[in-house]
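This report concerns only the one structure given below.
Read from first to last, the chains carry the letters A, B and C; within each, the first residue is number 1.
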Amino acid sequence: MANALSFPRLKSDDLPIVIAAGFVLVILAAGTAYTLSTLGTAPLLTPNYLLTQLQTGAFLGIVACGMMTVILLGHIDLSVPWTMTAAAMMATTIGGPGAIPTGLAIGLIVGLVNGFGVAYLRIPSMIFTLGVDSVMRGLMVAHTGGFAPQDTATDLMRYLAADKILGVPVAVFVWAAISIVIAAILSRTAFGKAIYATGNREAAAYLSGIKTRWVIVGAFVISGLCAASAGMLLAGYSNKAYQGMGNAYLLPAIAAVVIGGTNILGGRGRFIGTLVGVILIVLLNSVLSIAQMPEAGRQIIYGLVIIVMLLVYGRTAKVTQ
Amino acid sequence: MSQPFAELSGISKFFSGARALEGVDFACSQGSIHAILGENGAGKSTLIKIMSGVVQPDSGTLTVGGQPQRFSKPSDSAKAGIVCVFQELSLLPDLTVADNISISDPPRRLGMIDRKAQRLRAEELLARIHCEDVDPRALIRDLSLSRRQMVEIAKALGKDPKLLILDEATSALTSRDVETVYGVLGELKQQGVGMLFISHRMHEVEALCDRLSVFRNGRHIETFDKGARSQNDIVKLMIGREVEHQFPPKPVRVKPNAPHLVVDNLRWENRLNGVSLSVGKGEIVGLGGLDGQGQKELLLALFGVLRGVEGKVTVGNANGLTNSPADAKGGANRIALVPEDRKTEGLMLPMSISDNLLAASFDRVSVGPFIDPGKEKAAVDDAIKKLQIKVNRPEDAVATLSGGNQQKVVIAKWLMTQPEIILLNDPTRGIDVGTKQELYRLMRELADEGRAILFYSTDYAELIGCCDRVTVMYDGRIVTELTGSAITEEALVSAALNITAPEAVH
Amino acid sequence: MSAVTMTSQPRASALMTSINQNRGFYGAIALLAVLYIVYNLIHPKGFSTNLLIANTNESVALAFVAMAQAVTVLMGGLDLSVGAVMTLTSCIASVLVTGDPWQIVLGCIVTLASGTAFGLVNGLIIVYGRLQPIIATLATGAVAIGLALLIRPKPGGDIDLDLNWAATNSLRDVAETYHLFDDGEAAWFQPIAWFPVPLLIMILVALLVWVPFKRTVTGRTLYAIGSSEGAAYMSGLPINRAKLWAFTLAGFFAGCAGLYLAIQTGSGNADIPQAGAYTLNSIAAVVLGGVSLLGGIGSAIGALIGALILRAISFYFRILSIDPLLQPLVEGIVLLLAVSLGAVRALRVKNRLELFR
C-alpha cells in the first residue's frame, strides 16, 4: 500500500519513442506489402512520395510542437483550431509584407490570454482555452460575415507553404526550423527546464524560485505562435483561408504528442517523441488512403492504434491511496 | 486489571530501513483510558496505524479479543472493534456531515441510501457528543477545523468501537469541545469501551487517563498507573538517557553575533501572532515546540509564500519581506528554504539528479538563453562532491536515490544559489543516522562560513546538539528563548508542553 | 450543559442550506429562468406551447450529452467520446428504429444498449488499462465515429414517422398518433395535454436514472472519488466499480442523446464536426451548470440546466436582430465570464502553496 509507490524505470522516457518508431516501420512495411501485392510497386518508399507526406505533415508537426510545450505542463490548448484559422484569415486580410507579422501577433495575443486565464486566474486549461477558441471563432465569423474570405495568401506565404528548394518542400524546412527552436528551448534553456519542473511538480518548482506563472504563460504563447504559423502555412498551401480550416488538427496533434511518449499529466516527454508521433500519424493516414480504406475504417484503426500504443506504455501507476 | 482486549507482542516495523517500532509488547483493556506518551517520532503513530490496519507490521503478532489478527485494511480492524480517529482527517470535503458519518455502511432502503435514516443517525451521534449545532446537511468543507474533528469523532462512535483510538484528536478542538469530548470519553468508559489516547498535552493526560505508556525511539519503555510517577519522571522517561547523535562542537562566543535577519512582530491569519526573533551571521538558531505551533508558517512567510503577512522583516539593513520565492532567493536577501516535504515540495522526483540540483540556479549556468553544458556539468559535479551525494550518474531520476541522498540534493540545490540565510524545515525527517550526522556537520560549516541559519526540528536532541540558540514556539508566538547551556531536553520539552520545569527559563 | 454554553443559532431551512451549498446550480437555474422569461417576453409572438416545444426539441440531445459528461466530470474524469457515441447511436437508431411497433421498441432498446456498452468499454479500458480518461476517450471517440460511418456512410435512414411526430410534439399529439385517451380528447387528459414530450423525456430520464443512481453507494462513491480519492480509499468505498459505472452511465446518456437526435431528425448522420461540437459544448454546459471540473461538486441535473442555458442563448439570435454570426462569440464570452467568476477564489488564497494542490 504505502510502499507500493513504484518509480519509473531508468530512461523510461525513451521506451515509447522506440516503440513508436518501430511502429512507423511496421506501417511502412505493411503499406509496401500491400502496394506490392496490389500494384506491384512500392510508391511508399520513393523519396518523392515521402517528401509529399512530410509536406502535409508539416502543418500537423508545427501544431504538435506548440501543443507539446503545453501538455508538458499538464495543461492542454483547445484553442488551436481557431487560432490557426484566425491567424490565417487576418494574415490574408492584411496582406502584403504585414501579413505574417499580423498572423503571429494573433497567436501571441491568444497565447497571452490563455496563459493569463490558466496561470493567474487558475481556471482549468481544458475549459478556458475552449472558451477562447469559441471567442476566436466568433470573432472570425463576425469578421468574414460567415462567407469564405476572398483574400488570397501573399506570395511569401505561398512560397513557404507550397514551393520547393532542391526538390524539398519549403514547408518541411519551416517545420524543421520550428522543431529545432522548440527542441532547443526544451532541452537547452532554463525556460525549457522550468517547463518540465513546473509540469512535474508545480509546488516544488515554485519553491525553487521558478516563476511558474510566467512559465505557463510562456508555454501558451509558444502554442499560440505555433498554431498561428501552421494556420498561415495552411492558408499559403490552399492559397486562402477558410472557415474551420484548423478543426482537423486539434485531436491529431494531441494524439501525436501522447503517442510520442509525453505524459498527458505533464512533466515527462521528449521532443523527438513528438516528431515520431507526427510521422506515425501522417504515415498511418497515408497508408490507409493508399489502401483506399474508407473514412470509417480509418477512424477505427486510428483510435485503436492510439489505445493499443497507450496500453503498451502509457499506463499510469496504480493508485492505491 | 481485566483481560487485555488488544495485545501486541514482538511487533516491529521499519520504513525503508529506518526503525519505526522494534520488539514492542503492549496491551490495553476495555473500560479504561490508556495514554500513550512519547516525543515526535517515538513510534506512537506507527503503533496505532498497525492496530487500525493502515500499515502491516514486519514481524510480531496482534491479538484482539483473544483472536490473533492480521489486518490488511482499515475496514478489517473496524470489524474487530478497533476504530481510529485519525490526526489527518479522513473526511470527504464535498459530502455532507450525514454522508460522512455513514460513509462506510450507510442505511439503505431498496438499494438506495436512506437519507432520512442517515440524517437521524447523524443527529443521534452528534447529540451524543453534544454537537447539536452541527447540521447533518452541512458540507464538511463549510465546517471549522474543530467541528470537523467532532464529526470525525461522531463517525468513529457510529462504528460501535470496542477500542477507540484517539490520535491527537483534541489538538484541533476549541476548549468547549475538549470539555465535551472528555465527558463523552468518560461515558464510553462506563460503557466498557477501551480507549487509547495520544496527546502532547500533559494536563489532558493527567485529567483523563487511567494508565500511561511511554514510547521512545520505537520502543515501549514503561507502562504504569496514573499517579505512579511524577511529571518530571515522565518527561525523563520520554527523553531517555541514550545519546544517539554526535554533534560537531559549537563555537564559544563571548557576545552574540550582530543580527542579520531580524523578524519583528510578524503576523499572518491566526497562525502567526506576533513573532519576533533575530538570527546573526554564523549562527544556527533553532525553532522548537510541538508540531503546528506556527513554525512552518514562519518559514513560509520569510520565503515569500504567504499572502498578507504583516510585521517587519529586515535582512542586513534592508526590508526583507518578499513576495515570492523567486524574490527571496535573489536580490539582496539571498534566502533559501529546505521545505517540509521533500517529495512534493523539494524535488521533481521523475526528473534527473542534475536537473533537480540546478532547479534554483539555471540562470547561473546559462550563457544568454542557453544552458552551457560545461558549466552545468561543473556545477553538478561540484555539488555532488561537496555534499558527497551517492549517485550512479547525474542523469538518473532523483527518485532512485535514498531518502538521505534526496535530502542532500535539496540542500545542494540551495547551496548553489549562494544563500546568506538558510531556512530548514525539519530536514532530517526520515533520514538515516549517518546522513543526519553529515547534515549536522554541514550546517555548522555553513554557519562558520558566515551564513545565518534558522532550523526547525521536531527532534529535541537535534536542537540541543546543533543550535547556538533555540526559540520555542507556542500558538504562533515565541514563548521561550534558550541560549548555550540552558538548552536542555527538560527545558525544551517543558516549554513545548507548556508546563513549568525547574530549569526552564522564561 | 449545552443549553447554557451553546451559542446555538437557528438552523437554516432545508432549501436555504441547499442553496448555500449549491450556489452554482441555483445560479444556473436563476440564469436560465431569467434568460427564458425575457426571451418569451420579447418574442414577437409571445409565449406559446409550440414555442416551448420547439425550444425543448432543440435542447434534448445536448442536455443528454451534458449529463453524460457530468457523470465522468463528477469523479474527476472527462469523457471526450460523448459526442461521438451520440453520433454512433443515432446512426444505429436510424437503421433499427423502423418497422413494426415491436421492432421499433426493440430498436430503441438496442440503441440505448449499444451506447451503454460503449461506455462500459470506455470504463474497462480506463480502469483496468489504467489510462488517462482524456486520452483514452479521445481514441475511443474516433472508433465510435468510425463505426458510425460504417453504419451510415451517407446521411439517411427511415425512422418511423409516427414516432418522430409523437416524440417531438405535445402529449396530445402522442395520444392522437397512437389513439390513446380517446385520441387525446379525454377530459382528464386536457390539463396535461399541452406538455412537450421532449421536456417530459428529459425530466423522466433525469428522475428515473440519475436521481436513484446518485443515492446508491456507487453514486456516492462517485462523488467521494471526485472529492478526495485518498479519503474514499480509506473509507473502503468501491472505487473501481464506481468508475466503471460512471463511464457506463455516460454511455447510456450519450445513447439517449443519439436515439433522440435520430428520432428528431428522422435520420442518422455520421457528422464528425457535429460530434466534436457536442463534446465541447457538453464541457461548457457542465461548467455553466455548476459542476466543478475538479470533481465532487455538482450534479447531472445541473449539467442539464447548463445545456438549456447554452441553447437559450442561441434562441435570442433568432428573435433579436442580432446577426446569428455573432452567436459563437457570445457563447464564448458567456463561458469565459462564467468560469472567471469561480476564479475569485484563487485570488483570495493566503498560502500560495494551496494553489498547487
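The definition used in the following text is that a contact is a pair of C-beta atoms (placed from the backbone, for glycine too) under 8 Å apart; a residue touches a chain by one contact, two chains touch by 3 or more.
Quick caveat: nothing in here was measured; it's all calculated off a predicted structure.
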| item | value |
| --- | --- |
| Most remote chain, CA-based centroid, reference being chain A | B |
| Pair sharing more residue contacts (C-beta pairs) when A-C is set against A-B | A-C |
| Centroid spacing, where centroids are CA-atom means, of chain A and chain B in whole angstrom | 45 |
| Between chain A and chain C, centroid-to-centroid distance (C-alpha), Å | 31 |
| Residue list for chain B, restricted to those that touch at least two other chains | 54, 305, 324, 345 |
| Residues of chain A touching at least two other chains | 203, 206-207 |
| Junction residues of chain C - those touching two or more other chains | 234, 352-353 |
| Of chain A, residues touching chain C in the complex | 76, 78, 117, 120-124, 126-128, 130-139, 141-142, 145-146, 202-203, 206-207, 244, 247, 251, 254-255, 258, 264-265, 294-304, 306-307, 310-311, 314-321 |
| Residues on chain B engaged by chain C in the complex (per definition of touch) | 54, 73-75, 89-95, 99, 103-104, 106, 108, 111-113, 115, 130, 132-133, 135, 137-139, 142, 176, 183, 268-269, 297, 300, 305-308, 324, 345 |
| Residues of chain C that touch chain B when the two form their complex | 1-2, 5-6, 8-9, 11-12, 14, 17-18, 20-21, 212, 215-217, 220, 223-224, 226-228, 231-232, 234-237, 296-297, 349-353 |
| Of all residues in chain A, those that touch chain B in their complex | 1-3, 7-8, 10, 184, 188-191, 193-194, 196-197, 200-201, 203-211, 267-268 |
| Chain A-facing residues of chain C, complex | 78, 125, 129-132, 134-136, 138-150, 153, 229-230, 233-234, 270, 273, 276, 280, 283-284, 287, 293-294, 323, 325-333, 335-336, 339-340, 342-343, 346-347, 352-353, 355-357 |
